[in-house]
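In order of appearance the chains are A, B, C and D, and numbering begins at 1 in each one.
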Amino acid sequence: MDKITASDIIRLFDAWKTLFAEQREFLIALDGKVGDSDLGITMSKSFAAAAEALHGEGEVAGIAKLLRTAGATMARTAPSTMGTLTATGFLRASKAVDGKEALGATEVAAFWRAFRDGVAERGKAKVGDKTLLDVLDPIAVALEAQAESAAPLAEALAAAAAAAEQALKATESMLAQHGKAAAFQQKTIGLQDAGATVGYFLVRRMAEFVAEA
Amino acid sequence: MDKITASDIIRLFDAWKTLFAEQREFLIALDGKVGDSDLGITMSKSFAAAAEALHGEGEVAGIAKLLRTAGATMARTAPSTMGTLTATGFLRASKAVDGKEALGATEVAAFWRAFRDGVAERGKAKVGDKTLLDVLDPIAVALEAQAESAAPLAEALAAAAAAAEQALKATESMLAQHGKAAAFQQKTIGLQDAGATVGYFLVRRMAEFVAEA
Amino acid sequence: MKKFLNDPVDFADEMLEGIYKAHPAVTYVADDKRCLVTSKLKAGKVGIATGGGSGHLPLFLGYVGDGMLDGAAVGGVFQSPSAEQMYQVTKHIDQGAGVLYIFGNYSGDIINFDMAAELADLDGIQVKQVIGNDDVASSVVGEEHKRRGVAGIFFVYKAAGAAAAEGLSLDEVTRLADKARLRTRTMGVALSSCVVPEIGHATFSIGEDEMEIGMGIHGEPGIIRKKLAPADQVIDEMMERIFAEQDYRNGDDVAVLVNGLGGTPMEELYILFRRVSQLLEARGVTAKHVWVGEFATSMEMAGASVSILHLDEELDRLVAAPANTPFFKHVAG
Amino acid sequence: MKKFLNDPVDFADEMLEGIYKAHPAVTYVADDKRCLVTSKLKAGKVGIATGGGSGHLPLFLGYVGDGMLDGAAVGGVFQSPSAEQMYQVTKHIDQGAGVLYIFGNYSGDIINFDMAAELADLDGIQVKQVIGNDDVASSVVGEEHKRRGVAGIFFVYKAAGAAAAEGLSLDEVTRLADKARLRTRTMGVALSSCVVPEIGHATFSIGEDEMEIGMGIHGEPGIIRKKLAPADQVIDEMMERIFAEQDYRNGDDVAVLVNGLGGTPMEELYILFRRVSQLLEARGVTAKHVWVGEFATSMEMAGASVSILHLDEELDRLVAAPANTPFFKHVAG
């Protein structure tokens, strides 16, 4: 598909819901290494709730409203660090695409830029601090470049997913500065960040979703 | 020996102290079956304290004063059921032999009669209730009979110890009515009573002590 | 044994040293830390003394203070204090109006309090006794005199303490304490054992998935040991036995004490109380006064008990009265 | 898992149902039990809100009441409540004088309270924040902003609550809360783990003879894990780290909180306090206010913490002020 419509958004959240149901135990184990093991629970719970809420609204609501509902639902159902940051991301993305009927490469770039900025503002982390932000930033940067060079949506997202994968790998060598992991200090080196893993999963699944359709 | 003097009393408490130090673990285990496991601790502690206090007083104090000190010391150091009952026993025995320079069979009979009556009054148990009283009563009865038939002290005490041993055996078939054991009801049947065991130990060691010397 | 302690032999005395440092409202007499008394006696008031083994905080000494008790003789862990210690406490707190002993139905305590009363009598001090026997599990109906005293003694303290604070006579205070005793019932359940410091290993063992309904606070056997059931079911079973004891009628008021035995978190106690409250409501009985927390423990034992005091007008007044002790504070109104 | 519970998923909500039944002094708003507020707001008073995960009773909600807090947003076990819940509490308790948020330094809570403050700001409610970070073990000197908040937050509540009750302005209440925060230090030690109901097994494991000094209240790693030492030695080690933090001088006054993590019996807490008191005396520092008990727990975790608030004249006044909440009562004088 070249553009993501409101009905696509609903199906995209279904895909994310399935993804996080599948990755539940993996994320529990990952967060358990230097955290409190809740990430798999909160992500599966919050995306399941968001997907259900979106079906409740239906495509008539339009893209911005759907994203706002997703963000608000997630904030309510999973008020953990990542739950609230992802919720903030969707709320900001909703504002960024307000009034749009469908999202092409330019709009998707705006979506992720706003997502990144929201997470950065809310979490006050800097790039390099070993958080979700370390994949959100390259995602936004890659999409902006792709949009500028007028790449088709699927290609743009594939490039963003590739950038995210690399960025996720790079979190391994970083020292955690935020959240529960920060207490583990040196023990965090060598481990990929749990929140960054979620960021990578999100964009990869979005890229696959667009490519599949 | 035919008569127990003040200096014998001090050595008798030394013998009891050694006895209860040796029987400490046995009594802990016995009280543990249908009680709270403290009997070995309280008996070894209280007889050790009494023996020490008696050495502090010295034989000049005389028998009655020594027994009073022993009772008071035990009441202070081991205020458990058995600690207080034994203390009461010695306090009453002290009164019963007040003014005596030495204890022959008649005085020893008075000693144990008073001991038994003190325990009965303080504890409000009846013979057959599976307590210490079940051996104290036959001890007192046996000694009275022996004294009446003018038996020598060693013989009288040997008879009392034999009666106590039988009486202790008889507690096995009784149902506990008092103390922590009462809660165990039917489970107490088949077990010899812990407090009665202490009573038997006391008179047996006294008999041995008199026979040895 | 995972305990914060130094030499196990010093457990009770070091605990007391900490208590005296933390709470200037209590002090000790006869140069014996085990003889704990309030720092401010009230002239002419009936004195109330208690006593019992250590290892049950806030029992027994924790309730010495305004509106509650005047003194407590403190024993070693799970051991009675001595008659001499009880007597010393008695002598100190008597203000001429006599002294009421309130303690649990355990032979060691009974024998020592009896002896202490004899000694006090020789000094011309009038002594009365009320012996707590609220534990429904420890003997059948008709044999209540054999029942152990457990957490429900709190209500007896509360009623007697308030009555004495009102300036009532020894006879009146005793009558009211006894009424509170007669109208209080407790059922407990244990999930794990505890460790007596001088012994160093668990008092008893219980399976990882078992509970014992009716177990005593020193590990005395209960009514039944079985698989741990959901919280609501545990309460249903316990409350059924309590309800069978007295005629609780639609419109009656009760005071409720949900007590943790030490190792059970407060969150769980509230989950238990939630169900107690549902069962009371279903009968039209009002939980007019509610306390949830640790009131009578067995060190680190996991478990809980529920005590119900069947109120009448005068007990209601006494239970509601203010109190201020190191371990229990109640602001009236 | 030996817990009194029904469906683990309902743990926090059933606990709350019990709390509302037991304590009419608190209620909830927005038709959401997780939004707990006092039943009697005082017109014109600065509102104080807190919040955080369940499993720490009396934290957080237990301190809502007279002289302390006005509301608490309640999360699942060890989980932050949502921004929406915090916002609902904020809206309800604001009396026109603004609202102070006092909570612990955990990223989930920070992010949600930030979001709630933004929402409240849109309604024209003035919000300030003081973030508890008393846990010495969780970061070095100079990096205090990274430290976790633990039991010492009690002193921040106490100071802020008393200041608000005095009718001071939001700026003043915030200044005093912040001063209490800056002058409070806590060191903890854990002996055993706890079980999150929805997870069902111990959060971490620790050897039968080990302790971990500095462990966090969710099982976050501490400074050192070693063989369990005698109580006095454990306190010596903990207090050495606290003494190194501030200039406690001969003649200074402090408030002391010896807090049990849940599974440790009160007797042991007093044995610990005894040593704390000896060390303070040796430095000529007076423990002017002392609390020993459970103030911030981790369900059934065995362990304890010591918090020291370095008093000055105004903190002394605020700490001494009366308070009456479901879980904490203080009678002044």
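In the analysis below, a residue touches a chain if its C-beta (ideal position, glycine included) is under 8 Å from a C-beta of that chain, and two chains touch if they have at least 3 such contacts.
Predicted model only: the values in this text are computed from it and were never measured.
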Chain connectivity with chain D absent, coordinates unchanged: A | B, C
item: Chains contacting each of chain C and chain D, listed by label; value: none
item: Approximate Å spacing (C-alpha centroids) for the pair chain A, chain B; value: 81
item: Gap in Å, rounded to a whole number, between the CA centres of chain D and chain A; value: 33
item: Chain centre separation (chain A, chain C; CA means) in Å; value: 57
item: For chain C, residues that touch 2 or more chains besides their own; value: none
item: Interface hub residues of chain B, defined as touching at least two other chains; value: none
item: Category of the chain touch graph - line, ring, star, complete, other; value: line
item: Contact pairs between chains, per stated definition; value: A-D, B-C, C-D
item: Complex contact set, residues of chain D against chain C; value: 2-6, 11-12, 14-19, 21-23, 54-55, 57-58, 191-192, 194, 208-209, 211, 228, 230-232, 234, 262-274, 277, 287, 290, 292-294, 297, 299-300, 302, 304, 324, 327, 329-331
item: Residues on chain B engaged by chain C in the complex (per definition of touch); value: 36-38, 41-42, 72, 75-76, 79-81, 83-85, 88, 122-123, 178-180, 182-184, 187
item: In the complex with chain B, residue positions of chain C that touch it; value: 75, 78-85, 106-108, 111-112, 114-115, 138, 146, 148, 196, 198-199, 203, 216, 218-221
